[in-house]
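The next block holds one structure in the form of structure tokens; read it before the comments.
Letters are used for the chains, namely A, B, C and D, taken in the order the chains are written, and counting of residues starts over at 1 for each.
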């Protein structure tokens, strides 16, 4: 609570007792009239740079997975609760199941032969698989295999359910814009059938057969779509793209985003833009011993280590990470990544919101603005 | 807190005491690990239609103005507090100075010869004048006269201050996206000079001289801008536009938005789109005795009666209004306006956010979806 | 005909008689097979900079108007011939009625009480009035008064006819994309009624009443349109916009496009872009004694002097001009305008084509590229 | 030449001899003043539907290839003539080397070890390979292998040369917008080095390594580009995309553009739009015995049979075709394709021009407009 307490601003003289009494009276009337003065709030309300309540934080995969397994034993999955998903709750956000004010990140767990029933909602969702296989997610009737390294989409208002056809459990992470949707009062939700509409288990989905031919667009799909029509972005393609970028760098050609740092963004092939309106997803590969420039960006970002060891230095605090660990970097936190071994990172953030609403800013240490 | 309590969903059997003990243990571990299960939260978190905490509410101009006048006596305006603005706090939002989760609406008051010092911020702002005159707002060095019926812009990151050159006080309303910016951690703020950079008092601003020639664009301004370059949208133009729409309706031509309801949107002339990335502003005129269709829309909207008497029926609750009164309609609230007399309404909302992020939905009673 | 005859390219040795005989044979076979070798044509076909067949040229209003008057006496206006319009034929284009390869410019003449019947076509059209009044052009049923200084639109596929309600004849210029449409085989044409659908003579059109309120967009017109919905851009607005730009320049503010040179573009208020997809229209005002930078641009441009005396220097040739005179500057011709008196110029060009297809280039003498 | 000779339009009475004398005088004055009346030209100039001078026509690969081989013997390739390319000249276009008013199509031939030197031009170009291999085209320094079924880009103002590293000759087709660029006076041309900048022969180009990973965009390439950054669209991807569409059709899913007709468009991955601003390219596969709907479209299109036998019925004339044959369909010609065997077709057209300038229209027989 407070004014802009810039030391260069001269303080006005304190009020006299009579003034204070009248002020107290005025403030009481404000409250009774559902009014709040700006001048007592402006410092907190409109800080000079973003002052997130969310904090930088790291969850260990070795902590998350056993708890998900316990839930697998104790909590049924089915209609009503809908999903056996456990959200990562940013310690700065008062126990809300939000990894940042805009983003949701959860570990989801499905036992052998279990089904998570179909539903749809205005919230945009994806899954990323750090280990395991055996589950198909069925998106608008199209069964999509989930395997290690795959990035899978269930954009807003698409019916979807999950089906574990194997005899082993499987866990993965879900990313959604639940906090943003909740805050902005934009949630719609509808139940579908109690199992999934198609329990077949094809190697690749129909969406991939139509849309994953590089540079080629089906004539039956000439209308641009808000969300990517691709159901699964396969690890083999991601891995090859990153390998090629580093090879091109070795050959002396521009290809990486900075020295030793290859990266791709998952995109909607109908527009070349982000896969969904509120969430951007990327994959980064750092060579052993390399590091990223220390950068502040408006908007929050979540990383999951896919493979390797390294550290995040966020606002000067060190977070050591290894495979499966999940790190959140809040808005405007100075963030730097160091790769102890070769380091593969999945990342997602809310920057499409920031860009569309023109709140984006970036500051990289050592660069002129 | 809760699952989706649809009565059609069969309840699972209650846990045995042993199961409950293990569950309690699991939930304690979740909490210790900063994790929150979805299945106990989903009903609140992902409702079937938006369930805003914000409520429909009306503030009376006859209550607001005297309190602003009292503040004028007791509270200085100047550096630190920056503005003598008192926000309308939606009773559903726990005392936060927010008229809705995304929007800020305040009454601002400036005494004779007072100056509100220059600053700039990432928050987008406008002013609307329901009565009075005598203040110039100086936006990036361009002094803009404020008079009854005018709509004035100070978009994000433009320096601005206000200067009352008259011997009478003046009050007006401010609209901003402060709550949205605060929630999304996108606030930047910078002080400018302690007075205003230009204390001249021209009849019209330079921005109007360049940009308010209908259908004409200066060749020196061919680059599209995110925000409208127009500093003031004058009442005489708004009034004439509405008058012509109703006259055209009388002559049998399509012009109004529905029978007896003329309306204009304030737009950025470089794009034809909204004046700022997060806020839409419009002016509506209803003929005496007419009424709008009962409509639900995603996103929140604020109205100020500019002239006349009528009523808002929001989620079946009646709000009688007259000149100066301010009404908020939260997301998805069924809203209908009835004009007892001819009714002129200024309105602003957050729908550019909803449209850019593809969360928009509208339901008009009696129409098929 | 020819190769790229760069003197730096070594000539191959001339063919032997036997080689020549075989070459002749080959070229005869090419012709018989409807084939043409590139190597004999490339110099003409793909020049190093544009080499237009069209030439810079000036038509005098004092020559055009009497011939239009003669036509008024001798040639009826009506169905079949459709319009009493006489096109300006660029002397470089072999007698085709084209002022440039893409643009048509004609003087149109309508006697007292005459009617040019309604039709519509895919060609985009406008009128500009250098003198006179008394005619209404009826565009999709909306009668639009034509007066000195007005710029009037009849975009592609809008029904339109003209009606002279006065007892005096009237002449004006028409601008269209007829040559471009003819070349690209995109012409559609349809007859309407033999008179005009509405013979009333309102001071301003319905389109202006709806759309000429600066910065305001009717809620009944939120769908963007390819063509401007404004039927007439009035002289009073154009004149005021230019006057203000020069006044702002005098006051020390950025407003003009270069020193002493005010200019506006006519735009579509739904997008801020050009009024029609193929034609850009602008109005320029030069102070007495000022001159424009010498500039080459891709695409052709036509100017009509609205008021004043000056000269065009196009590819080093001087064209003295006065009120009513029409000048064409072909693609990439170095063009400079000097104002002997204060000089008001209407201008139109094909640059929306060049910009949308990414063929635009500009070179201004003395600027680095 | 002529008015709109609609039989329903009553002819005016013929002029008297005196009137005719005065008319002749007037028309002579028009000619002397470089003016042309609309009323004698309108029928030809503004037809009711497009009346192309270009005609439907077919060139046989078995005719083209031997002539290209002859040229290979007799005509050197090198600086000045630049390319050993022989254009297909539409018989309706008076011997101009244009397959349609907007498009160029040539057969290009390069002998063993020959080099076509580097240059660049504003004209947009592609190559399509119906047979053969052994040539690399070097685009801005990136060597791109050319093989059967590949579609290769050299967009406007990119340096490019060709290098045959094999001991066999190779022929392919070039497609460009030379006629459009020539007509609109937008040609720029610049010489590069006399050989190619990189004579290495990699299996895939750097552009493919960066850009041909489906759904993935390099972070080093986030700026959208006017032209596709992909140098080669490989046959294996095209073939697989078409195979999948037909397989999906067999499985009962929407995927083909009409029954038995699979098709893809080559696109720019940064936008999802056409590969270059003026040229659209597609590949079509028809099942044996299938046929397309009879359709008229604005704009001209060229097809090359890649594999199979069939017939084009264009404005009721039958064109029997087989592998390598090239067919042109002018604007608004009613076009139908019948597949005698399974039929693979490469196609390119000028419809991006038509769409961007809003001249597009399509009429499919039997469908309501």
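Here, a residue touches a chain if its C-beta (ideal position, glycine included) is under 8 Å from a C-beta of that chain, and two chains touch if they have at least 3 such contacts.
Small disclaimer: the values here were computed from a predicted structure and weren't measured.
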Inter-centroid spacing, subunit D versus subunit C (mean Cα positions, whole Å): 29
Distance between chain centroids, defined by C-alpha means - subunit B, subunit C (Å): 44
Centroid distance [mean C-alpha coordinates] between subunit D and subunit B, Å: 52
Junction residues of subunit A - those touching two or more other chains: none
Topology of the chain contact graph, where touching chains are joined (line, ring, star, complete, other): ring
Chain pairs in mutual contact under the definition given at the outset: A-B, A-D, B-C, C-D
Of all residues in subunit C, those that touch subunit D in their complex: 3-6, 9-12, 19, 22-23, 26, 29-31, 33-42, 45-52, 54, 57, 59, 63-64, 67, 70-71, 74-76, 78-91, 95-97, 101-102, 106, 121-123, 156, 178, 180-191, 226, 277-278, 298-300, 330-332, 350, 352-354, 356-359, 361
Interfacial residue positions of subunit C with respect to subunit B in the complex: 206, 209-220, 222, 224, 228, 230, 233, 237-238, 240-241, 244-245, 247-248, 253-257, 263-272, 282
